[in-house]
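Here chain A shows up in two complexes: once beside chain B, once beside chain C.
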Partner chain A sequence: MQKKLKFKRYIDNSNVSRFRFWIQIISFFIFVYGGYFFIEIASRLPIFSCPYVQGSPGGCYLIGIQHELNTTWSSLWGFRGIAILTSLATFLVFFIFLNKAWCGFVCPLGTLQDWITKLRKFFGFSFTRYDEMSFKRLKSIKYILLVLLILIPLGIRNTFFGIPLPHGMHTPFCQICPARIILPLFTGDTSQIFIDFTDTTTIIMTSLGMMSAAIFLVGSFVKKRFFCFFCPMSALQFIFSKISLLRMTKDGDKCTRCGNCYRVCDVGIREIADDIISKNIVKDDCMLCAKCVEACPEDDCLKISFAGIPLFNASQEGFFKRYGQTDLNELNELNKQKNESK
Partner chain B sequence: MKKIILGLIIILSGWSINAQDIIWLSNTPPDFMKDRIKTSGMHRFSALKSDRRSGKPSEKEHKYNKFKSDSTKKGKRSKKESRASYYGSGTQYVQWIRQGSSVENARYICLDDSTDYTLMLMSPTSEKSNIEMVKSKACYLKFAMPDEGYYNAYLIVKKTQGDTLHINIAKVELLNHSCRNGHHKKLEARPVMHYPEITDFEVIRKRHPYEDFHYFSSSGDEETYQALFNGKPVEGVKITMNTEKGWSKTVYTDKEGKVNIQFLQDYFSKWQELNGRKVYYYLLEADYTVNKETEYKGKVYPYVHYTLSMSDGYHPARTMYASMVWGLIVFLLVTVVSIAGIFIYKERRKKPYKELQFDEK
Partner chain C sequence: MKVNSDRYERMKKTGSIHYAMEIKKNLAEITDDFPDNPENMEYFYKRFEEYTTGNLHEGKKVIASMCVHVPLELIYATGATPVRICAGAYATDQIGAEFLPAKTCPMVKSTLGAVYLDILPGNIKPELIVNPTTCDQKKKMGEIAEEIDKPFFTLEVPPTKDSEEARQYWNRVVKKFVKKLEQTTGTKLTRRRLKKAIKTVAKAQAVYRRFDHLRRKAPVIYGKDAILVTNSYFFDDIESWTEHVEKLNKELEERIEQQKTIGKANSPRILLTGSPTIFPNMKLPLLIEQLGGIVVTEEFCSTSRMIWDTVAVDEWFLYDMVPAVADRYLKPSTCPNFTPNTDRERKLLRDIKEFQVDGVIYQTFTGCQLYDMESRRIGKILEENGIQTLYIESDYNPDDFGQLTTRLEAFLDSLKNKK
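Entry: the complex of A and B
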């Protein structure tokens, strides 16, 4: 029993961010170069394991669903419908284990954004955060993109309100996804940098793709996890988040609303600090990176558990170990500034 | 004297052979049927609009199809074909029979009952199925392709002239693939199938090393064709490539029976005609005469002259419709504008430094 407690204490005091850093490197290597080493994982993965990357060992679920939905209504009620349900089930089988930690730990595009953030820090540039109003307005974009990536392929085969959609809009999200252009560059493949002049639709879609790649790079440089905020995969994951085995919970009674969790959050989720009523604290923009748990100085206030088994809990001791006195002073100063501004 | 007469006979028979126009299978409908045709898929396969359906047919439709199937010349359809056309992908694809070497102007013909012809469709798994010949104003061949992969369709016409048996093999290789079915079988598209049991002489298109279900020839691509006789490579076979725009090239097979032909970019579209998905067609002709005694309809012929035709489509050159330079221009432009936008936004949000000085005196 004592050994168990000792081990738990060791985990709670550990630096998850460092662990995450290495997991991200390994995942990036696997999901970009794995195919070259005969690694094949699966298609319908809940991350941007982009099939446009030559060495990709798997496929992103979004490309699969867009292909599958490019079908007639009548087919949806037949074997096509079964295929769609099967691929959704495959997605869920993977998703159920890691919940939104797929974004925080495994997604190669997420990792790339974290590396760009490190680069920004290295150059000493300051980062930006959205104000509350912009945050609330912008977060709906990912849901709009999710609805569009479902409706557009359906609209190609079945006209909505008599408006025919061109075939050039097949896999609409992939065409504007920065992962399609940026991730192949890591394998030396520049073939995705182009404007397709096949027809007007392809000109528009590929131009949007090039624009999104440029905005992704610039945006990630000034805003942490810039793209994750607009990612339809994140929206899709959140729909099924509640059935996942990996959870993050909050004990509102133990929260002192110090705001540490909000300040360290890369995405800038305010509810993590403000919400003291909800038990399940995984929000749609959360990527379960556990930075908030690391920064929480209250014992067991924030917890990460897998199928009810506690994995990583917030603890005062862990907090002091991770941040050290110097960082704490900075944090206290920030708290003071915050209180003064109020 | 005998040698001279024999030589003259061979020359004259050769001339008459050349005078016979080649029969081939085409995906392009005649003008008067264009309204009734819908093309689909990457290879723009033609299907009659009336035949395009999916799912289970109505009872009435089922009975009608059964009646039609029973009344075809070749008899009842196989169980698998019936199942495929009724319950499978549903779509019945069509190919037209054409005669002449000009891809654009070859006439559409119909084969009468007195002509000795065989129709055969080979599935990707080498299963035989029948092709229905529909005789209307323009004859066409109708068949279902329920499985994914390369289908080979054959129309073999036999004719005699003098002491020569002429065999015209009209072959077409059709790749049936829908991205909606996923890509788990993409490498299985590669094997090239040839069937010595159907025809002694055959020409196959060799696959590229990384070819998959998405492959489609384009202008500028080099394709390798191999001539086979009884499944073995043949040297010296005359192969002529004719494209839709009138370009033609004749080459002879090497020791391995192979020829390499690079598709010429024979058409440059205007800026207003942007259509990178346009399919141009080519016709490949192969001529081979073999001195082999062959019995046909109770008579022995010392010569067999094979004429093989193979038609497929090709796209305009990829480079014509994909511009990396423009891609980079858009990328750099947006990058610069974004950086400038962020800089201006940040500068505007900066509050001017205010210094208050108190005179303590």
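Entry: the complex of A and C
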């Protein structure tokens, strides 16, 4: 092992997952209750900071984009167009710093899924994974949702192919977004649990919303980060991922393709282990949680850096610190739990 | 051939004597022909002395394995001790030849001979002999087991490791293996035991990796000794092994500090690869080092390939631990039984760079098709990278000593001249 700066070594040996756990709690608190404490961050954030939550200190860029696109072609070239560009710029200013780590560390809906995973683990139930085929097939859904949430609002004021879209289809994704229904519950607000009987469109859309909330809860209980896999925000982020300052890179020559990284990846990204060519290894489903870097036992094979400054590198010393040490207390603890034969 | 017949008894008697002599002779060569062996190697030399005389793992259930693809953690977790019995002795090779075609791999013959005569490392009495379906010769050897009445268990290793299908298949095979282990040992696999086993093996790996890194830093230990260290992982008590490798590491560190290196500045640094060198078949590394080369690293299934790779578990429950262990024994393996096996090429290139290797010596056992066939591809890649390679076809018969010496001498000289 080559000589490393003491501080760097300390970081590389650290447990990022534990750090992430606490950051997520703090972020969740800020993005669900921050508004009550007069925290005001910004609208157009690259996460589900949902304005339907009363305490939300910011706004999710997806609702912004849907609102702004609910306009006519001609106004797109004028004042509206400028507004659209400014909000995209706001989104990017935030996004550029954290890249997809917004998903891994900040997004309250992402955090909620991780907590549901913890709950499942508490019961000792196994998780499921998509097989390779389904993974490939299903992964396009988020892009389809993204395209729809852009086209549908445009289709209300303008008609595509002469198909009229009712006004009830405004902000179509928000209507089916589980965050709108679930996150307000944390402030005691149950008002989003309802079906709007105004007309057929609203009935359909609000029912879909209820369904998606239910699927969200069940789905994330059986599969880690179930919803993120379909999240259009994640698709949108990925389009800009390359320009971000936070990067995750891989040195394929150092990789033994042991698959450790793939095993621990909550979203199940196969390329993280198998791709030995790409340098930039942030894939569209990645949330930059760094679990893979923690699990990689080869020095400097996977790396996370910010503007070229290395932040967290895979190291064998770190690996054995995290995975190899036998903590007998922990073992006794395990023994106490009844799940012996699970 | 019936066990317990007169002929068998006679065979066993002479076989054992030859075997003991072979071990003694080789060990003497390893220890006496070299100056200044590390003090902490003493422990490992002792282990090999006890090879024939000891009563290893007495009172414990022993599961014998014949390959790096047998998940050790699972064996430890069912309360048994794994011992790898792949053999390197010419004495038992000749016994195995009674059952197998003449051109069979000497390791397969030797192992079968040892099993047949019950002369296994430390005189263990295995409850089960796990035979993975890697190369064709091992596969077919399993069929002879019935003939000689030994408790063989076939572990179905898939022929490829990259596809998802192979991974799932292997996962199921490993689950079946767990059942078999539980039946054999009468101990149930539990979360606690498996976790402990994973951590115990991880500790050994961490210490081994440290050893490996020290070897990169400076030439402070001969390859012949390093091979004994890794070879003793076959049968030694894992905790004791870890402890002693740790001690050896300390000593090597001191040697690095005191610049007490072996060889000369222009000693060619050699990487050994191909069919596995297993004690007492040490003629290749011994000859190389007697002739002035230094074996700096080995890419063998009897050395680094066996210990290097790690288990990473996400959720410490059996539902995730067992597949995690299974993955570890499939995904990173560089065994030529897999196709494609590009990981082996990459590993070799990585090792050549990190160990500053001057030349590669590629050993193929007579009859080992897999390593033989792969040598062409590997050779081409090494050539492209400007690495000189010597191919050696050899078996356990000590007769080719003279011819080997000439070839090795020429090769080492040419490397020296280039330095």
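Definition applied: the second predicted complex is superposed on the first by the 320 of 342 C-alpha atoms of A that agree within 3 Å, B and C clash if a C-alpha of one lies under 4 Å from a C-alpha of the other, contacts with A are read in each partner's own complex, and residues count from 1 in each chain.
Just so we're on the same page, a contact is a pair of C-beta atoms (placed from the backbone, for glycine too) under 8 Å apart; a residue touches a chain by one contact, two chains touch by 3 or more.
Being a predicted model, the structure only gives us computed values, none of them experimental.
Contact with neither chain B nor chain C is seen for A:T86 once the two complexes are overlaid on the shared chain.
Contact with chain C, but none with chain B, is seen for A:A295 once the two complexes are overlaid on the shared chain.
Of the two partner chains, chain C is the only one that A:D274 touches; chain B does not reach it. Of the two partner chains placed around the shared chain by superposition, chain C is the only one that A:G124 touches, whereas chain B remains out of contact.
When both complexes are overlaid on chain A, the residue A:Y323 reaches chain C alone and has no touch with chain B.
Once the two complexes are overlaid on the shared chain, A:V222 sits against chain B while remaining clear of chain C. Look at A:D199: by the touch rule set out above, it reaches chain B but stays clear of chain C. Residues of chain A that lie in the contact sets of both chain B and chain C are absent, per the superposition on chain A.
Put simply, chain B touches chain A in their complex at residues 54-55, 179-180, 182, 274-277, 320-324, 326-328, 330-335, 338-339, 342, 346. Contact residues on chain A toward chain B in their complex (touch as defined above): 43, 64, 67-68, 70-72, 74-75, 78, 80, 83, 128, 170, 190, 193-200, 202-203, 206-207, 210-211, 213-215, 217-219, 222.
Interface residues of chain A, counted against chain C in their complex, comprise 1, 121, 124, 126-127, 131-132, 253-254, 256-261, 263-264, 273-274, 276, 291, 295, 297, 316, 319-320, 323-326, 331, 334-335, 339-342. Listing the residues of chain C that touch chain A in their complex gives 162, 164, 188, 190-192, 195-196, 199-200, 202-203, 205-206, 209, 213, 308-320, 323-324, 327-328, 331-332, 343, 346-347, 349-350.
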